[in-house]
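Accompanying notes for the structure given below.
All chains are identified by letter, namely A, B, C, D and E, in their written order; residue positions are counted from 1 within each chain.
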Amino acid sequence: MSETSRDRTGDATREPMVVIEGVNKHFGDLHVLRDINLTVGRGEVVVVLGPSGSGKSTLCRAINRLETIESGTISIDGKALPEEGKPLAQLRADVGMVFQSFNLFAHKSIRDNVTLGPVKVRKQKKAQADEKATSLLKRVGIEAQADKYPAQLSGGQQQRVAIARSLAMDPKVMLFDEPTSALDPEMVGEVLDVMVGLAKEGMTMIVVTHEMGFARKAADRVVFMDNGQIVEVATPEEFFANPRSERARDFLGKILTH
Amino acid sequence: MSETSRDRTGDATREPMVVIEGVNKHFGDLHVLRDINLTVGRGEVVVVLGPSGSGKSTLCRAINRLETIESGTISIDGKALPEEGKPLAQLRADVGMVFQSFNLFAHKSIRDNVTLGPVKVRKQKKAQADEKATSLLKRVGIEAQADKYPAQLSGGQQQRVAIARSLAMDPKVMLFDEPTSALDPEMVGEVLDVMVGLAKEGMTMIVVTHEMGFARKAADRVVFMDNGQIVEVATPEEFFANPRSERARDFLGKILTH
Amino acid sequence: MLDIFEKYAVFSAFWMTIKLTFFSAIGALVIGTVVAVMRVSPVAVLRRLGAFYVNTVRNTPLTLLMFFSIAGMYYILQLNLAEAGSPTELVDNGVRWAIVALAVYHAAFVCEAIRSGINTVPVGQAEAARSIGLTFTQSLREVILPQAFRGAIAPLGSVLIALTKNTTVASVIGVAEASLLMSEVIENETASIGVFLVFALGFVVLTLPVGILFTSLSQRLAVKR
Amino acid sequence: DGSSGGGTGAGGDGAKALKIGIKFDQPGLGLKQGSTYTGMDVDVAKYIAKQLGTDEGDITWVQAPSAQRESLISTGQVDFIVATYSITDKRKESVSFAGPYFVAGQDLLVRADDSSITGPDSLNGKKLCSVKGSTSAQKVKDEFANQVQLQEFSGYSECLPALASGGVDALTTDDTILAGFAAQDANKGKFKVVGKPFSTEKYGVGLKKGNTDLCNKITDAIKKMQSDGSLEKAIEANLGPADYTPGPGNPATPEACA
Amino acid sequence: MSAPSVLFDAPGPRARRRHAVLTVIGLLIVAGILAAVALKFRAEGQLESSLWTSLVTGEVWSFYILPGLVKTLEAAAISIVLAMVFGIVFGMGRLSQVRVVRWVSGVVVEFFRAVPVLLMMYFTFRYYSDNGVFRNDVNPLAAVVTALTLYNGSVIAELVRSGVYSLPKGQKEAGLSIGLTPSQTLRSIQLPQALTAMLPALVGQLVVILKDTALGTAVLYPELLQAARDIGTSYSNPIPAYLFIALIFILINYALTVVAGRVETRLRRRGGGPRRGAAVTGVAGAGTVDAPTDGVAGQGVYTGDASSR
């Protein structure tokens, strides 16, 4: 508890972008989010760690209301999360989300995957959206594949398209839920490189990952969850060198030994 | 080519357990195994590395004839691989195999998964097989779950059961095909620990894996494959410190940077 | 509307529907299993024959099969399924050949249901069975069939329901089942919605429990993966 | 003479076109063979049409299946029907009849070499074929031979192979229909009509109830057809090849229109 | 054969010899049955050439077979279009947010799926005739189309529903997360994919409809089977005529089945196939990845096919 309240103060120099207060959530009898408090500042990169089932994905999904919460509040850029309808859709447009399993729209070409949101939600002209898509795809290194379909791409390429799709909406914050754990090891690097680039450019990011290298290299803070609670919040240096809680030590022991 | 022939000499002090000579295999037009030569000595631990699609799994599966080969010979403990029927089944009983996706028998309890082979193939008494199963399950740390079904266990637990199932047959050699890549990171360790233990006890093992830690810790030799060929065979120290081939350097670069 | 129960033998017509369903279901299961075995066998010719059976039968209107059955088999080939010279020879042959036609037709679907059951078994299960040294028959008995059977329950249920409804086609060769009676009733009376509902609900009553039973069976026995 | 023509049920303002209902599937009576129509009923209809001032080319032939005859007339889809239409009191309630032009009777068709069947009462223990939903078979069973066995098909033509192969012993319906089948080229010499009709079917021309004008004209036409020998010729041409002779009551005496 | 079989190991030399023996036995049995049938048919005079040659005359084709085929295709085409509309409307109904709509759609769909098509045809035909709903010569078509539409529409409604359900959950979530509203997501993400996933099953359903038009003879609809009966009447060769028409049905339906298969592999290649990423996540992945396509296609196989006549 002491750690979680400590976090509230966060990085005083940053304006808060995502504010999570007193959030609780059950799945049936299972208490998956227990009184979560977390503030993420503008431009901050927060890595969420924790064992399987600790509630990391649920937290991530709650932030754009893919999961509803039972109590507490979540606000983004000062606005409370709307409950439904157009306002909720508008908010989600401002929050990019990258999934473990990519979830590219299987029936649309790569380009159309990237332009769908801008055209349908942001009401951009198709030509304008196309232009932007091309530059985003170039940035993630797959402009050559723009006319292919998702199934024709490797996992690493698909995930980079997914990132471009999110970026096309000019999101205020981006959520990543284990973006590399469905990838072959040789492809992990190419996706992490894109993410490190984003972090450097000042994107606000909440990243659930097991890639300690990324956490060390790009995170401003590490949040360690276990059993639905935030157990520890620290800078990566502090956290990896000297985890305060027993559970975090145990977890790191398991992950880092091999 | 020079490397592959070099391997034949292998470790001169070891009696050969698995001998692979001049093996070729196509899938349609794709030449997935190109003139493979490899000798694995008794008690030796060989780690097979290589990019996705390089033929590692195919090689592994060819060793107990889950894939047929087109030319060349494979022999185990001095006996050529039988082509079918009882002799093939008997040989397979001597070769343990652990799959990426565990493949526990979904409709049988953990205990029955482990005792099925001993009872049906080795014709052991049920009581005796049960006793042995209990001790094996204890050894891999899941004796408490013996009466559950596979779906009720975590991935790490399932994979440990799969290892116990293979061990119950007292195999002469064990094949592992990416045994940890379907696992959550915290569970990788528990499976690797069991494998390291086996290696220490002198089991002959052929392990396809991306876990460099395991390779460093337990392997006697590392075999690097690319595009259906064995490109390099070396001790782990040599291989990681100073890969001779361009392709291996490239591969290691991708895997180890993050 | 209820007086049709007094004027017509509604229940005995449905009893015929039930008998047709029951016996042809058994027949379809037997033939379908044999064809399924052929279709999954490693022998190319048997696989082709099995596929030929399924493709032929499945693409022929049941009405035609029904006609071939009685006209071709009984009247032309003179395969008598009843006691020759018995006073019920024709009726018996009609019913029995209808059962044969229904069985032959639905066997194609049973075959596909069984195949889809086998397809629910991941290849890894078979490979694991082989890799611990089980022989062909052992891995079939211990690992594959127990799982395949459970996977086939739901599709088999669908076939049984379809079969129940398809017994109505026996009316084209004059078998006195429910739909023949209904066509008689609306011929003599008028085509009132009420009469239709009586017969339609009869089929709902017959098929609903089958659906519920098979769904719950398949869920209860499902292999958890 | 018939130049006034237009006694059509519908409008009758001098139009010469006629829509006439006939059977399409009864050889010898009303059979559609490609674009030609043959049979006794067809000849009768053509003769009547001619008397009404309509050329053969202006006749539209409409299929009039038994069950639909009344509604074809009442909804004006035909001007009149000549389709083995028996005059009964029940039908007179909804349509008017001109005629009868012919008296048929229910009879039996048997194999040419079968002398054991001499009439309906010799059918006990025999097998009888008829069409689904027809009352003629039921009549045999109820009134003459309660131990007769019944096979019902959708059409008479399906009974014939069964009769030929000995699967059934007799086919029952109006003697005209039977004679029509027996007179077909492919059946010549194979079957015979027993020639002991056991019912009286007075074939009339059905038309809209209360159209006495048209009824009278048709009655006149029928009388003329009888007197100039055309009717006899039509019967001989269509049913004669089966050695059929019209039963008692022929030539029929048309009734006065009500 | 390259795909690993659940049931059989790769054959060795002894197995291959055994297969050869079984091949010969199988062929002999089939040849024997065919010979016996042919002999009996000849004895019954059903193989007389005159009975068969009449089937290949231009007259029979232009006056019976082709018109019958046209009628069959006409009824099938109208029915499939209406059934699609019915199916999409009620399928969406079953997915509706409004409980009453969901419930009513459910009852309608379940009812019409449970009632035999033939029963429905008998009834609608009499009902239309007695009440003069359509012109008399249209009544049979109307009855056929009504029965086929209600039944197959209900099956398609289930296909739509299961198609949408079988999509990976992530597709909907990805749609929502780029800011589409739930109904936009249903329309531009879920439905198109569900429809493509359904396409093979839908073509399969076309076979069912085409085959079921043959029930139309029961209400005097002049389709192919009726044409066969008419040929049998005109040329006194009912058995050859029926066999011949059966052959036509089989060929058409088989062609459609092949088309359905092609469509399926095409779709699989382009999009629906198992994704590499999902497969790597492991056991659970391996199972669920195939589920969407198999789910729909499978559904098609047994609800669609089996319920056909």
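Quick note on the criterion: a residue touches a chain if its C-beta (ideal position, glycine included) is under 8 Å from a C-beta of that chain, and two chains touch if they have at least 3 such contacts.
Remember, predicted model here, so these are calculated numbers, not experimental data.
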Starting at chain B, fewest touch steps before arriving at chain E: 1
Other chains in touch with both chain C and chain E: B, D
Per-chain CA centroid nearest to the all-protein CA mean: E
Pair of chains joined by more contacts [C-beta pairs], D-E or A-E: A-E
Between chain A and chain C, centroid-to-centroid distance (C-alpha), Å: 53
Whole-Å gap separating chain B and chain D, where each centre is the average of the chain's CA atoms: 85
Distance from chain D to chain C - Cα centre to Cα centre, in angstrom: 41
Chain A: positions in contact with at least two other chains: 181, 184
Per-residue overlap in chain E, given as positions that touch at least 2 other chains: 4, 9, 11, 15, 44, 46, 129-130, 217-218, 238-239, 280-281, 283, 286
Multi-chain contact residues (two or more partners), chain D: 67, 154, 158, 161, 165
Full enumeration of touching chain pairs: A-B, A-E, B-C, B-E, C-D, C-E, D-E
Chain E residues touching chain C - in the complex, by the definition given at the top: 4-9, 11, 15, 19, 22-23, 26-27, 30, 37, 40-41, 44, 46, 111, 114-120, 122-123, 126-127, 129-131, 207, 211-212, 214-215, 217-218, 225, 238-239, 242-243, 245-246, 249-250, 252-254, 257, 283-284, 286-287, 294, 298, 301-303, 305-309
Footprint of chain B on chain A - complex, ascending: 51-52, 181, 184-186, 188-189, 192, 210-211, 213-214, 251, 254-255, 257-258
Parts of chain C lying in touch with chain D, wherever the complex brings them together: 67, 70-71, 74-76, 78, 87-91, 94, 171-174, 180, 183-184, 187
In the complex, chain E residues that touch chain B: 2, 4, 9-15, 280-283, 285-286
Chain C contact footprint on chain D (complex, rising order): 67, 125, 127, 132-133, 147, 149-154, 158, 161-162, 165, 167-168
